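Next come two complexes built around subunit A: one with subunit B, the other with subunit C.
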Partner chain A sequence: MKRLATMAALASIVTASACGGAGQVDGAGPGGIFTTIDGSKQINASAPINPFNPVGSVFAGYNGMELAWPKNDPTDPNVFYPAIARSWTETPDQSQVVIHLQPNARWSDGRPVTSEDVKVSIGLAYTQGGTAYALDPAAAGAAADVRIVDPATVEITQGANKSSMFLSNLLSTVVVPAHVYGRLLPGNFWQTLKVAQYSSGPAADRARASITGLADKVIAFAPKQDVSAGPFVLERVNPGAALLKRNPYFYNNKVIGPDKVKVLNYTGNEQIWNYLISGQLDNAPFTSVPAAVMDRIRQVSGSGVISGYSPVVTSLAFNQAHKPYDNVHVRRALAYLIDRRQVTRIASPEGGTPAVTTSGIHARAAKAWLGGGFDALNPYRLDPAKAAAELKAAGMTRRGGRWALPDGKPWKVEIHVPASFSDWVSAAKSITSQLGDHGIDASVVTTADYTLYLSELAQGKYDIGFWLIGLGPSPYNIYQRIYGQANGWQLFGGRLKHVAPGTEGNWMGGPQTVQAGGARVDPGQLTGDLNFASPARQKQIIGTLAEVTNQQLPVVQLWDYVNTQFVNTSRYTGFPPNDSEALRLSSGVWMQLGMIRKRQA
Partner chain B sequence: MTRGAAITRRVAGHLARGVVMIWVVATVSFFIIREIPGDPVQGMYESLLQKGMSPQQAERATAVLYGFLPKGTLWDQYVGYMGSLLHGDLGQSLSTPGVQVTHLIGAAASWTVLPVLAGTLLSFLLGVTMGVYAAIRRSGKLGDLLALSGSLLHGIPVYVIGLLLTAIFATLWPILPSGGPVDVDYVPGLNPGYIGSLLYHAVLPVVTYTLASYGGWILAMKSNVVAVLGDDFILAAELRGLKRGIVFRYLARNAILPLFTILALSIGMLFGGSIFIEEIFNYPGLGLLLVNSISSRDYALMGGTFLIITVGIVVANIVADLLYTVIDPRVRSGGTA
Partner chain C sequence: MTVTVLPEVAGTSRATLRRNFWRGVWRVLRRKPSRMAGVGIVALFALMGAFGPLLYPANLPRDDNALYAPPSLAHPFGTDFEGTDVLALVVTGARYVLLTGLATAFITVALGTAIGLFAGFRRGRWDTALMRLTDLNLAIPGLPLLLVLSTVWKFTSPLEMGLVLGLLGWGGVARAVRSQTLSLRERGFIEAARGLGLPTRHIVGRELLPSMAPYIAMNMLIAVTGAVYAQVGLFFLGVLPFEANNWGVMLNLAVFSGGALTTPAALPYLLAPLLAILLLTLGIVLIVDAMDEIFNPRLREE
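== the complex of A and B ==
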């Protein structure tokens, strides 16, 4: 009897919990709870509430704030929405940037956000290294001096080795409260930084080691509670979700719709699909979704999709150190035999558009950079006759309906792909099938996971593999994927060097110089120049690199990404429209910008 | 030799062998883990790009991880690892930088115990009980039905059962949560809301585990009972007119003996979690921790998780062996009973 009573009590608890459902939350006001996921990381309840920790419980746009939020511009990486920085001014060469803070910005504990907070945040960023905060005096685009002008104004000076990305990197600085994080920086930090940046010899080495030695301490720092300058502050987190409540001191609190935000965790795409099918999510960032699942998501009441530009491109990259892919005619023949429309329809119907041609850039950015020059590029439309001519030019022969190598041996094309990327696997299968139809023996070889795939790719083990390119909007980042480390050019501390194929990660194995427009050019050098060239010169360089890429085909561009966001308007409305410049930002930033309101009954 | 001394000697022998086994596994796994190809930082950087993060953001998120990569020669690393291990220090995680591996394992273990232990015990109790009935009623329809259910469930992979249950109860007929261990709305503690949410979220993982393991128990128990039913002592007991309950006790006690060892090992194995179940239901236990540590090439976490699984199995083996002597008089008296 006692056992029965216990079981009945447990059952009633479970039933009560189940009937409560997702809506049963104490403390949620009329704004309700906005449910989403963080596409950039999985929730890790063991990690500290610290934005410097890569898996920390700080969510950009909600309880994590940067000086400003980047707009999704196809060509200009230096356009931003205001955030902690209300406005900024910069000299034409970006040697000096003055940042004016939001006058009403406050932390969630009520203290004002000041220039001191920005300075401490910059100091902490130096301990992590990279971008605007490199300690190497030769590094391009490093901040050299940080000066507090007044409690709401900070002036930052760029070092002698200029970069056109300085403003962009600077405005992406995460801002943390000095009264919480300040003690992580030793009293003599700024003097040590000066020695690290401007001296040489053992003293400078010691200073650099001392600063980078702080990285572990900064990453491991675990504040007892969240102190946020964003619209929300972390209430609690468990391995399944994070719950954030409104920060009443947020500088633009009146435009924030929801009272709370719930960020759900996921272990794979399947879980995101389940959340979407069950209507739990108000917004989910881009997730690869098969057509059948997409149909089910669309059937959910209020479900919708907003899409826009995403500066990412999927390509098929060649190892030019391997025969026969060292021959440009072979690469061109393959480009003529791949029906990119069909590949995209099978692999990424919602998340991609077939590449118009191969330029190394997303078509939208390419049109903006190249203007009429874009149409002058060879589109490599499906053309078996041209492909056959190219293969003959490469010395290939056709025997018994199958193409053979110049020495008469059978030609076996192997396309490598990480097994966990379903869209790439589908694309590879489609391509091998198409090549098979045109007399080329082709097969797909999968690798257990992405880390292993990248490792083997870098070791030069593959002839052909999938590779992301066109990572805009920064022109340097776009071409660095083709004419960077993967192809032998290494840029360290502002110095560029080229290494031989098969060494130091040079798996693409392309030539160091190529013919373009009647002259020999060094694509890696031109790519490096994009870092500091004037806008006019950048345009010129991009024209040359697009032409070189189109003619030499170190890669075949397959599809350009589309940023596809899932929304459900049953509970909230006011999501950004298609092609919004805010589309790649989190829904927390959308709220800051006055979007997302509770649906009125 | 007194009985107490014999037991002490037996326990000491087990412990010594266990320690050697743990050292061997820790050593082998240390070197195997270091040989797994792949640069974890590059892997994470490219994964972030794949998710649509800008190169600058991805660089910022990964650059600092270089500081957490193991340094020095392999031998130096091994000596350092063993030295730390003696102090109970499993090192720092790479995938959760700044956090000790022991902390991560402790947190994950607490989430593994509920579903895997409950699933193991439930499936054992259910399987053993049904196994006895299936053996006794083996000529009837009930016996056939029970045996068939065991064969069917034993043959279906656990991930198929998990995905099927998720599709039915979390998607088609959404009465149960599809993932997560507990609703974040409730304040953790001994309050009905939190406990209810814990149980509510554990239903699908526990049922999946129970169904996946039940088949093995019922089939093994049925087979054991059938074998014992033909033994002379059961016939003698029936001829002596002993009560049915007493005969049943004889039967069950002898038939369950081989299963007891498997149960003890299963409980030891629970420290390995259940990879598929935790992955499907986003249950943050040790199995999921191990999978994530492998994909992120988190050497310290991988080593720590392998070690905890090894220790669990070694301890379970020792406990099973010692308890076997308690429940089986033949073992206790050296097999002469």
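== the complex of A and C ==
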């Protein structure tokens, strides 16, 4: 403990010194130095300045640019703020997208940003894989052809298996300079890509292997210096912080307030809390914060919190291949015994709202998708009497105040969570305590780290585990968390198949078809259909899936996350308001959108 | 006559020796109040381990409206994240910690002593082989190995935890016991025993072992503290299974979930298990101090 405290204190001192040093030595202009953290990664000073490297010193919105930045819309995944792409058009059948680049976009070395840069970036994206850049032309939503129309216009054609996510995936493409990264693609890359996409047999296999074989080379590539099309360019990076200076060639330079940006490193949430309490950060993205720490942060001069929609939901997921969780009455009973309000209060008082019900969707998106249908869902309010009735219906018996399995054996509920997720650990403990109050022996079992947790979960080792759902805004993405690979449905090459529980990552083990509204439906098939269904049909499907989820309870929805952004207005103002569509983007993007100005004395 | 009387004489003298020994112990303990305090502390923890869980219901009561409540008469160390009395958590959590400590100490000392005695007494090839094994044991990086083991082994029982910690920790004891054995085996009383043709078992069990008993006993107590630190540390790192009343888990949750190093709200939740560890260590160290005097003639004469 002492060591931790000392390290945190030392880190603060080092950082404070670095801040002071940067302010004086680097001679930031009147715009000053904006201080923040990157919520998606920690700083690795030895990592290359390369956006394809997961720990590379490229920070989205600052010196890392995408074609466009996604808006935080609860239902529509295809709404974006312009970035390198000034505008775009899509054919009604979503088969073709034409992207028009910013006419004044330039790299930090003064060269213009052209269609060639976009094409090279797409080529590099193919080496890394991904939905829009799958090498199998049968994969849904894959780009099949890239054509340069003119230096500022690119046309991209979708493959035969269409996905409503094509535009969204395409616009999320990271753009890098062709004159720096172009050499990573062999001269015959595009011919090889055609063979990989349109041929079959050994030649196609060789072509695919050749392209995916470039992945490591692309990730390891280390440009000598940063060449950025964003508002900032990397000046230097050390283990404590990265310092970025203004890119004078940024296409919308006049709206950028700060002269420099300092991205501080952190090793855990506690360090971010300390940064916030000491007033060092002008902005910090969502960080899990205990109530007492939040109170301390609020007391800091200029400190404020912006909150808004976050399409993430925490749930308790069942392995229906394991008894007694194959019985819907048991799942319902557990839902009736969990006081979600209390669980949220304990686990995520600042970053979550108790789930109104279980629909598989964040309540805000659910209301938008379902309208009045949302209120018709069973809310599963705390009700021990109903829980007891459900358990009796499942054949469970109560002996000596404890519930036992139908065969008389003791019922031991084990809830699994990764040890590093302290909010989940607290929530799981609260749930086990609540179940204990109602005669169910329950315990929390932690797994050392998240990767191992996911691996053991996929192997079907757990009866019940915590699971993130509702990852919108794309309706397919929302429901594939429940009726996707984890539950046996695999969508590949436009074909959907269902695998048996306990195989190929099917750990939820739900039935392939269920009764809903008087008919049997295949929830996995419906989820797959969300990829290419019309908006009206999507709404209909979501209504059915919400109803199925509410009745069958493959998961119990616990709390909906709230995106909580920390800001300090002592040095800068003009942050986005609550519920802004830009809230989940970095403050670098906010600057690009004309927000964040230096506070006037 | 001789046959019937001698055992009685021997038995009487052993009883007298025992009585004198315990009188000596009592005298040594009384000489410094801190030693009495040490015995008191360890006895308190032993009672907590044995009877602590019986003082509370199986599901500890919670106050939903008193999350991270400050210390009060009702909750001397406040409450945790779900309103459970922190003192109750410390008391009920003592059993796992102590059982692990005892299991570790027993395995460490049993293995270390057996291997050290055998190697030192036999010397030659056995000594070489066993000491290489000991070197291997000493070279094992304990913490990284435990971190890896925790991914495949859940350590749900304190005995499992103690077994692993014991198997990792016997090397030092084996080395020290071997050194002592090598020294003692050249002493006159061992040579006399050998000259009398007494069996090896007798020489090792009755002659060598009692001479090293104080040293072994002190090692055993110190092994308990080492085991407490090791397992609490592993629980703190979050690599071992969750038990709300485990002291290491309490420390973990106080820091990472309650922000105890950032705000005072969760500080009692952090300090209570720390205080328990500190007290337990202190008690053991004070007893070791007393044992040192009991078994060390030079200190006794001072």
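We take it that the second predicted complex is superposed on the first by the 576 of 601 C-alpha atoms of A that agree within 3 Å, B and C clash if a C-alpha of one lies under 4 Å from a C-alpha of the other, contacts with A are read in each partner's own complex, and residues count from 1 in each chain.
We take it that a residue touches a chain if its C-beta (ideal position, glycine included) is under 8 Å from a C-beta of that chain, and two chains touch if they have at least 3 such contacts.
As the structure is a computational prediction, the values presented were derived from the model and not from experiment.
Contact comparison for subunit A: of subunit B and subunit C, B touches the greater number of residues.
By the touch criterion defined above, A:Val445 lies against subunit C but remains apart from subunit B after alignment on the C-alpha atoms of chain A. Applying the stated contact rule after C-alpha superposition, one finds that A:Gln512 touches neither subunit B nor subunit C. In the superposed pair of complexes, A:Gln490 makes contact with neither subunit B nor subunit C. After overlaying the two complexes on the shared chain, residue contacts for A:Gly436 are found with subunit C alone; subunit B is out of touch. Look at A:Gly268: by the touch rule set out above, it reaches both subunit B and subunit C. In the superposed model, A:Arg345 lies in contact with subunit C only, and not with subunit B. Once the two complexes are overlaid on the shared chain, A:Asp295 sits against subunit C while remaining clear of subunit B. In the superposed model, A:Thr569 lies in contact with neither subunit B nor subunit C.
Once the two complexes are laid over each other on the shared chain, residue contacts for A:Val425 go to subunit C alone; subunit B is not touched.
Within subunit A, the residues touched by subunit B in the first complex and by subunit C in the second are 268, 274, 277, 452. Contacts from subunit A toward subunit B in the complex involve residues 10, 13-14, 16-18, 20, 22, 24-26, 39-40, 44-48, 52-55, 70, 128-131, 165, 168-169, 172, 212, 215-216, 219-222, 236-243, 262, 264-268, 271, 274-275, 277-278, 285-286, 310, 312, 421, 449-452, 454-456, 458, 468, 471, 474, 477, 480, 561, 563, 584. Residue ranges on subunit C touching subunit A, taken from their complex, read 58-59, 62, 64, 67-68, 81-82, 84, 147, 150-151, 154, 238-242, 244, 251-253, 255-259, 261-266, 270, 274. Of all the residues in subunit A, the ones that touch subunit C in their complex are 1, 4-5, 8, 268-270, 273-274, 277, 289-293, 295-296, 342, 345-346, 417, 419-420, 422-423, 425-426, 428-430, 433, 436-437, 443-446, 448, 452.
Residues of subunit B that touch subunit A in their complex: 37-40, 42-44, 46-57, 59-65, 67-68, 95-99, 103-104, 107, 111, 166, 170-171, 174-176, 178-185, 187-188, 192-193, 195-197, 199-201, 203, 279, 282, 284, 288, 294-297.
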